[in-house]
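A single structure is presented below for examination.
A, B, C, D, E and F label the chains in the order they appear, each numbered from 1.
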Amino acid sequence: MGGRDATMVLLDENGIRCDGRKVDEPRRIMIKAGGLKNADGSAYIEFGDNKILVGVFGPRDVHPKHMSNTDTGILRVRYHMEPFSVGERKNPAPSRREIEISKVIKEALEPAVMLDKFPRTAVDVFIEVLQADGGTRCAALTAASVALADAGIPMRDMVAAIAAGKVADTVILDVNNEEDQAGQADMPIGYMPNLEKITLLQLDGVLTPDEYKKCVQVGVDGCKIVYDLQKKALQEKYFGDGGD
Amino acid sequence: MTSASVIDELKKSRILELLELGKRVDGRALDEPREISIETNAIPKANGSARVRLGETEVICGVKIQPDRPFPDMGDKGIFICTAELLPLSHPTVETGPPGPDVIELARVVDRGIRESHMIDVSQLVIEQNKSVVGVFADNVVVDYDGNLFDACSYAATAALLSSKSPKWNWIDDAPTLVEGEDMPVPIATIPVSVTMGKIGTHIIVDPNGDEWSSMDARITITTDSDGNICALQKGGSDGFTLEEIDRCGDLSVKVGAKIREKLKEAQKESQ
Amino acid sequence: MTSASVIDELKKSRILELLELGKRVDGRALDEPREISIETNAIPKANGSARVRLGETEVICGVKIQPDRPFPDMGDKGIFICTAELLPLSHPTVETGPPGPDVIELARVVDRGIRESHMIDVSQLVIEQNKSVVGVFADNVVVDYDGNLFDACSYAATAALLSSKSPKWNWIDDAPTLVEGEDMPVPIATIPVSVTMGKIGTHIIVDPNGDEWSSMDARITITTDSDGNICALQKGGSDGFTLEEIDRCGDLSVKVGAKIREKLKEAQKESQ
Amino acid sequence: MGGRDATMVLLDENGIRCDGRKVDEPRRIMIKAGGLKNADGSAYIEFGDNKILVGVFGPRDVHPKHMSNTDTGILRVRYHMEPFSVGERKNPAPSRREIEISKVIKEALEPAVMLDKFPRTAVDVFIEVLQADGGTRCAALTAASVALADAGIPMRDMVAAIAAGKVADTVILDVNNEEDQAGQADMPIGYMPNLEKITLLQLDGVLTPDEYKKCVQVGVDGCKIVYDLQKKALQEKYFGDGGD
Amino acid sequence: MGGRDATMVLLDENGIRCDGRKVDEPRRIMIKAGGLKNADGSAYIEFGDNKILVGVFGPRDVHPKHMSNTDTGILRVRYHMEPFSVGERKNPAPSRREIEISKVIKEALEPAVMLDKFPRTAVDVFIEVLQADGGTRCAALTAASVALADAGIPMRDMVAAIAAGKVADTVILDVNNEEDQAGQADMPIGYMPNLEKITLLQLDGVLTPDEYKKCVQVGVDGCKIVYDLQKKALQEKYFGDGGD
Amino acid sequence: MTSASVIDELKKSRILELLELGKRVDGRALDEPREISIETNAIPKANGSARVRLGETEVICGVKIQPDRPFPDMGDKGIFICTAELLPLSHPTVETGPPGPDVIELARVVDRGIRESHMIDVSQLVIEQNKSVVGVFADNVVVDYDGNLFDACSYAATAALLSSKSPKWNWIDDAPTLVEGEDMPVPIATIPVSVTMGKIGTHIIVDPNGDEWSSMDARITITTDSDGNICALQKGGSDGFTLEEIDRCGDLSVKVGAKIREKLKEAQKESQ
C-alpha cells in the first residue's frame, strides 16, 4: 500500500479511475443463486473479474463428534483459490492467507446465521475462487450469504460486502486489483443492512482519522447496493424474476 | 465414494436387472456416453481454460503457461503437468485435506493419457537449453460429481489445451524475458480421447454415471490418439476382465473416442 | 481458548454486570490498557530483542537479521517477516503442533500492522539488486497468556525492532560478505502501535484481559502510526459493530496508541 | 515412451534384444516363498535385476475400528521403494507414483483373495523394492501372491504378472529398464490363469489396435510361465522340492 | 569433533580456557524456580550464555485416552528452540535433533519422578531454549528438574547435569560453544547425586578409555556443583533465602 | 515396541531369574553378542551394500554416492548421511508413516557413531570447492526385528561403506561430470564398531535380543574406533547407571568391539 507504483494514473483530472469508473461506482456485479447439483445450496458471483463459486452443505453431522457443540450449531468455512485463479500458478497447498480469510469470512457470517436452530450439527461453506481480481474476500462473502440462503439455512440477515479504499488521496468504492496494488488503502467491509452491523472489517494502508470514517461510510453505502443484487438473485431463482 | 447402504444395494440390483435386458438406468445404450458440453475460455485470465459437463459431472480446467527450470537431464524439453482435484462442493462425501489414493490415481491417469499421446510437443517448449523452459500446467477442478471423472477431466484438460495461447519468452541477461504481443497456440501434435468403461456383472458400459460408478465391479480407461491408436490404459476396481472383454474394450475406445474427438475439434474451432 | 463451562458463564455474567456499572473486573477504566513493561536486549545474541509484559500476558520477541534472496519481482526491496507462536508453557490449553487458524491470524495481523505502517524501510535493505537483500525476522513467542496477544506481540516486535542493530554486508565475489564493526540501527520510518478493543454486550473495552477475552462478542485491532494515522485494522469474533462503534474505536486507537507510543520511545532510548 | 532414444539398438537383425533375449523370452526369474521371521507370510523375488521382498500380516484387527467392514475383510497394500533401489537416491517420503502403484496392486489382488472369509479384519501386504529394474509392479504383484499364499490366506487363484511391450515396432515379452526408457510401449499385465481373468492392466505408449490385442495375448501367455514358477516356489517350501 | 579448528587456542600455557575459565570451572549458572503464571511449575536457567525457560503441567488427563497407562503416570517432554535462539535463524518446524533431545531428556528425568504415584495421567515438561550456547541439553535438564519440583511432582531425587569434554588433549568441565565446535570431545552427563545414578550420558568425539573414565568422573563431580544451585533456587523461592 | 501384557511380565521374570544364575534365555554368556553374518554387495546396482543378520534381526544397507551441493560454510567437505528405517514387514507392531522418536534416535545414533569416528574422510569428497561435493548416503532398512537395531544398523552401514566404490567426477562447464571407469574405494580412515548393552535389574548384557530388549531397564550404546578409542555413546531407557557400571560398559565395548571389527574386516576382504 501507499503509492507503490507512482507511474500509474489511478484517477484522472475528471475523477475517472483506471478502469473507467467513477469514484463511487462499483464494478459489474452478477450473482446467481443455485447452480450446483450436489450441494444443498450454492451461488456463483462475478464481481469485476472475480469469478467465485460457493457450495453449502448442512446442517449435517459433525465428525469427529467431540468437535460438535450440544448448545449450538457450528459454521465451517473454507476459502480456497484454484491454481489457475491468479497471475502466477498457485501452489495447491492451502496458504496462510487462505486460512486467515476463511476465519475472517466465517466470523463475518456467524452473526447472520441462526446457529442455535441446529445444535450438534455443522453447516459447511466451501468457497472456490476460480478467477481472482481485487476484492475476492468481499465477493466470496457476498456469494456465501446467497448460498446459505439458497440452502435454506435460517438467517437473521444477509451479509453484503464490498471494499472501500483510497487512491490519489481520494476515497473510492470497490477497489480493483490495480488500485489494490498501486493505491494507498484497501478496506474490505461486510455489512448486514437490516441489522445495521458491520461483521467484516479489515484495512491495509494509511488513512487519516477523517478518511477512515469516510471509508467506512462509503463502504456501508456500497454494501447496500450489493445487498439489492443478492436479493434479486434469490428472487430470480425462487420467483423466476429479478424482483421487478 | 465407497458405500454399502441398503439403498446402494437396491440401486445395484436395479441397474443389473436393467442391464440383463440391455438397458441402462438413464436410458442410454451400453456403448453411449452421456451428453458432453464444452465451454472454452471460461477463465479468461488463464492461458487457456474449459468448463466441461459430462452428464451431471462438471469439471473446470485452467491452463497456466510460465517459464520454469527444466527437470534434471531434461534440459531440451519443456514441462507438461496435468492435475486433478475434487472440490469439496462437488459432493457431500468429499473431504478437504491432502488427496487420497483415488484422487492421486485420477490425476496420474489423466496426466498420462495426455502425456503418452504426445499431444503437447514439449521439445518446442525450450527457452534456453538446460536453463529455462516453458511449463504448461493444466489443473482440473471437479465442481459437480456424477461419476466418471477420468473422462470428464481428460476432456476438460484437452479442450483447455486446444484453446490455449502461449506467451513467448526470449533469454536475455540470464533470465526469460516476455516478448509482448507474440502469443501463439500451444504446439499440438494429436488429440487424445479417453474412454472409460465399467464392468457390472458381465456387462460392459461406456461412461458410467454416479450410480453405475458405485455399482460397478471393475473399470478400464483407454486413451486413443488422432490416428486411432491406443496410447494409454488403466484398469481399476476389484474384479478382473477376460481377454475377450479387454479386446472388446479396445475396439469400443477407438469407436467412441472418434466421435468425442469431433466434439473437441468443434470446441477448438469455436474458441478461436 | 474456547470454552463453555459453567464457570465461564458465571464469569461472563459478572463481567457484564460490572460493565453496566461502568466498571471492569480488574478496576480499570474501559479505555485503559493494562500496565506495560518493556525490557529490551533480553536475548543479547539476537540482533534485537524485547520482553514485554502486558498485565500478566508476556511475550518475548527476538530479531534476526541476515542476508537472503529477494522475493521474485521484488529485487529492489529487503524482506521483513514477523511471526508469532504460542508456546505450550504459556497456558494449559495450548497444544503443540502446526499452528491453528487463531495463531495464523494472530501472526498475520501483527505482521501486517508493522508492515503497513512502513516502519521498516525495506528499500534500504538491498545488498545487491535482484541478487541479495537483507532479511529482518521478528519472531514472537508467547510465554504467559492472559488475553490480548495481538497488542502484546505487536509491542514486543516493535520494541525489538527499535532496539535492533543490523550488520552490514557487501557484495564481493558473488556472495554477501560481512563487514565487521559496522552495525547500524535498522532504518525506522515510524512507530506503529496496535490497540485492541473488545465488545461485550454493547460495551467497548480497551486491552481485554484473559477473562474478558473469553467473554467478548467481537473485537477490533487498529494500528496507528507516528502521525496519528490509521494504517491497519482487523475485526474478529462472532458479532458485528455498528458504524458508530467503528468510528469510536478509531478515535480510541489514536488516543490510547499515542500514550503507548511514548512508552515504546522510552524503551528505545534506554536500549541505546 | 515412443522412440525416446533413437541411438540405442533395442532389437538386432536376428531378433535379439539389447540384453540378449529373444522377443518372447522373459528375464531370469527366481521366487522364494517364506524367508521373513516375523511376518505371517513372505516371499522374495528376483525378476531380472529387480529384487523385491514382500511380507504379509493378518487377518488381524483394524485400527481405527471404523475403517473395518462388518461384511468383508479388507486388503491393504503398500508398495515402497528403498532409497538405494534406483539410480539416483530416492527421497524417503512416499511418492505419488508409489501411492498409485499400491492401489493398482491392491485391486489386482482383491479378485484372488477370499475377503469374505475374514470379515471385520484386514490383511496387510508390505512390498519392499530393494533394487528396481523395469517392471517392478509385475514382479511385486507376483511375489505378493506367493506371500499371501504363504500366509495361509484363503485364495481363489494366484495372480501372476509380467509386462508385454513394443520395441522396434515388434511386440515383446517382459520389458526391461532400457526397453521401457527407449522403447515404444510398456503394458504390465496381471492374470489369474485358473480363473482366466486379467486383474492388472496398464499401458504407456502407442499401439495400433492389432498390436494392442497381440500385446495382451503375449502378456497373458507370459503370465502362465510366471505362474508355474510361483507354484514351484510354494512347493519347494512346503514339500521340499520344485514340484518335479 | 576432533580438532575441527586448529587455529583457535582452546587452552593456553597456564591452563586457562578461551573464556578465561580453569579446566574444572563451570560457567556462571543462575537458576530461578517459578516465574510463569499459568504453568503448574516452572524454572528459568542461565547457564553461561544459555537462557532456558521450563514450564510443567500436571498430573493431568491424557488425550486421547489410549495413550494413558492404567499402571503408571507418563512423562512427556518437549525440547524446543526459538527461531532467534541460535546464530542463523532456526526454521520453526521441530528438527530431528530436537526430537532426539526431547527423548533423551525424558529418559533422564524418568528415574527421578515417582510416576507410579499418578497412574492414568501425564506430566508435561515444556522446555524453551531462548538463547543457545554449548550444552543446552544439560542446562535444560537441570532446569526441568527444578520445574518439576516447583510443580510439586513427587520425586526421588533431582537430576543435575553438565558436560565434561576434551580440548587440547585435556579433560575439562562444562564445554562451551567454541569448545564444542573446535574441541575434541563433548560428554553431556545427567546425574542424581542422592541415588548416585547417571541418567543422561552421551558422547561425541574421541576419548581413550582412560580419558573416558576421567570425563565421567569430572562430569559427575560437576553435577554435584549444579545440584547445590538447584537446591538453592528452590530454597530461595520457598523459604525466601539461598539456603545459607 | 512398548508393551505391558501379562506374557511380557512373565518373560521379564524369567529373564531376570536366569540372569540371577548368570544365564541368558538363549544360552549366551552375558558379554556375548549373537552370531553375526555379513553379506556384502546384496544390492549390486548400489555403490555399496550389505545385508547383516545379528541373530534374527536383519538389516539391509545400500550406499548411494552422487554429486551434491555442499552445506553452507562447509564448502571444503563432502557429505555423509546415514539413515535407518523400520520396514513394516519387520514386525507386526511397526507402523507406516513418518518416523517416531524411537526411529529418529536410532538413525541419529547410528549416524553419529560412524560420523564421530571419522570413518569417512569427507575432506577428500570435494569436486569443486564451495560448489560441488560428493554425497555418501548409507540408508539402512530393517527387514526383520529381534532387538538391538543400533548395532545391526551400525554393522550394516559400516560393512556397506567398506564395500563401496565411488565414481569420480570432474568439474567441467560448471557441472560435475562423471569420469568413466575410475571407480575407487571410498576413503576410509577407521572402522567404527558400536556395542549396545542392556541393563536388567543390576545385570549388564551385551547385544540384547528382542525379548531382552523389551524387558530391560536401561541401555547404553558405545562406539569404538580401530585404535580402541571411544568415539560415541548414547544412554537410553528409563533407569540410570552407576559410575562403576558406566566404566565397565566402556571396557566391554572395547573388548567386544575388537572381535566384531575383525568380522567387518573379513567381510571387506571378501567383497573385493
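Quick note on the criterion: contacts are C-beta pairs under 8 Å (C-beta built on N, C-alpha and C of every residue); 3 or more make two chains touch, one makes a residue touch a chain.
These numbers come from a predicted model, not from an experiment.
Asker: What is the graph distance from subunit A to subunit D, where chains are linked when they touch?
Answerer: When the steps are counted carefully, the minimum from subunit A to subunit D is 2.
Asker: Along touching chains only, what is the step distance from subunit D to subunit E?
Answerer: Shortest path length, in steps: 2.
Asker: Which chains does subunit A share as contact partners with subunit E?
Answerer: Touches both subunit A and subunit E: C.
Asker: How much rotation, in degrees rounded to the nearest 5, is required to superimpose subunit C onto subunit F on the basis of Cα coordinates?
Answerer: So the angle, rounded to a multiple of 5, is 120 degrees.
Asker: If you average the Cα atoms per chain, which one ends up farthest from subunit A?
Answerer: Farthest from subunit A by mean C-alpha position: F.
Asker: Pick out whichever of the two, B-D or D-F, is joined by more C-beta pairs in contact.
Answerer: B-D
Asker: So, comparing C-alpha centroids, which chain is the farthest one from subunit D?
Answerer: C
Asker: Which whole number of Å gives the spacing of the CA centres of subunit A and subunit B?
Answerer: Here subunit A and subunit B have centroids separated by 32 Å.
Asker: Could you tell me the distance, in whole angstrom, between the mean C-alpha positions of subunit C and subunit D?
Answerer: Spacing between the chain centres: roughly 58 Å.
Asker: Round to the nearest whole Å and give the separation of the Cα centres of subunit B and subunit F.
Answerer: Averaging C-alpha atoms per chain gives centres 48 Å apart.
Asker: Which parts of subunit F, given as residue numbers and ranges, touch two or more other chains?
Answerer: Within subunit F, no residue touches at least two other chains.
Asker: Considering subunit D alone, which of its residues make contact with at least two other chains?
Answerer: none
Asker: For this assembly, give the contact graph shape among line, ring, star, complete and other.
Answerer: ring
Asker: If we trace the ring from subunit D over to subunit F and keep going, which chains do we hit, in order?
Answerer: Start: subunit D; next: subunit F; complete ring order: D, F, E, C, A, B.
Asker: Quick check: in the complex, which residue numbers of subunit F touch subunit D?
Answerer: Residues 42-46, 49, 56, 58, 60, 62-64, 66, 83, 85, 87-92, 96, 137, 139, 141, 143-146 of subunit F touch subunit D in their complex.
Asker: For the complex, which residues does subunit F have touching subunit E?
Answerer: 4, 101-102, 104-105, 107-108, 112, 116-118, 220, 222, 225, 228-243, 246-247, 250-251, 254
Asker: Could you pull out which subunit A residues touch subunit C in their complex?
Answerer: Result: residues 1-2, 69, 71, 96-97, 99-100, 102-104, 107, 110-111, 187, 192, 195-209, 212-213, 216-217, 220 of subunit A touch subunit C.
Asker: Using the touch definition from the top, list the residues of subunit E that touch subunit C in their complex.
Answerer: Residues 36-39, 42, 49, 51, 53-55, 57, 60, 78, 80, 82-85, 87-89, 92, 124, 126, 128, 130-131.
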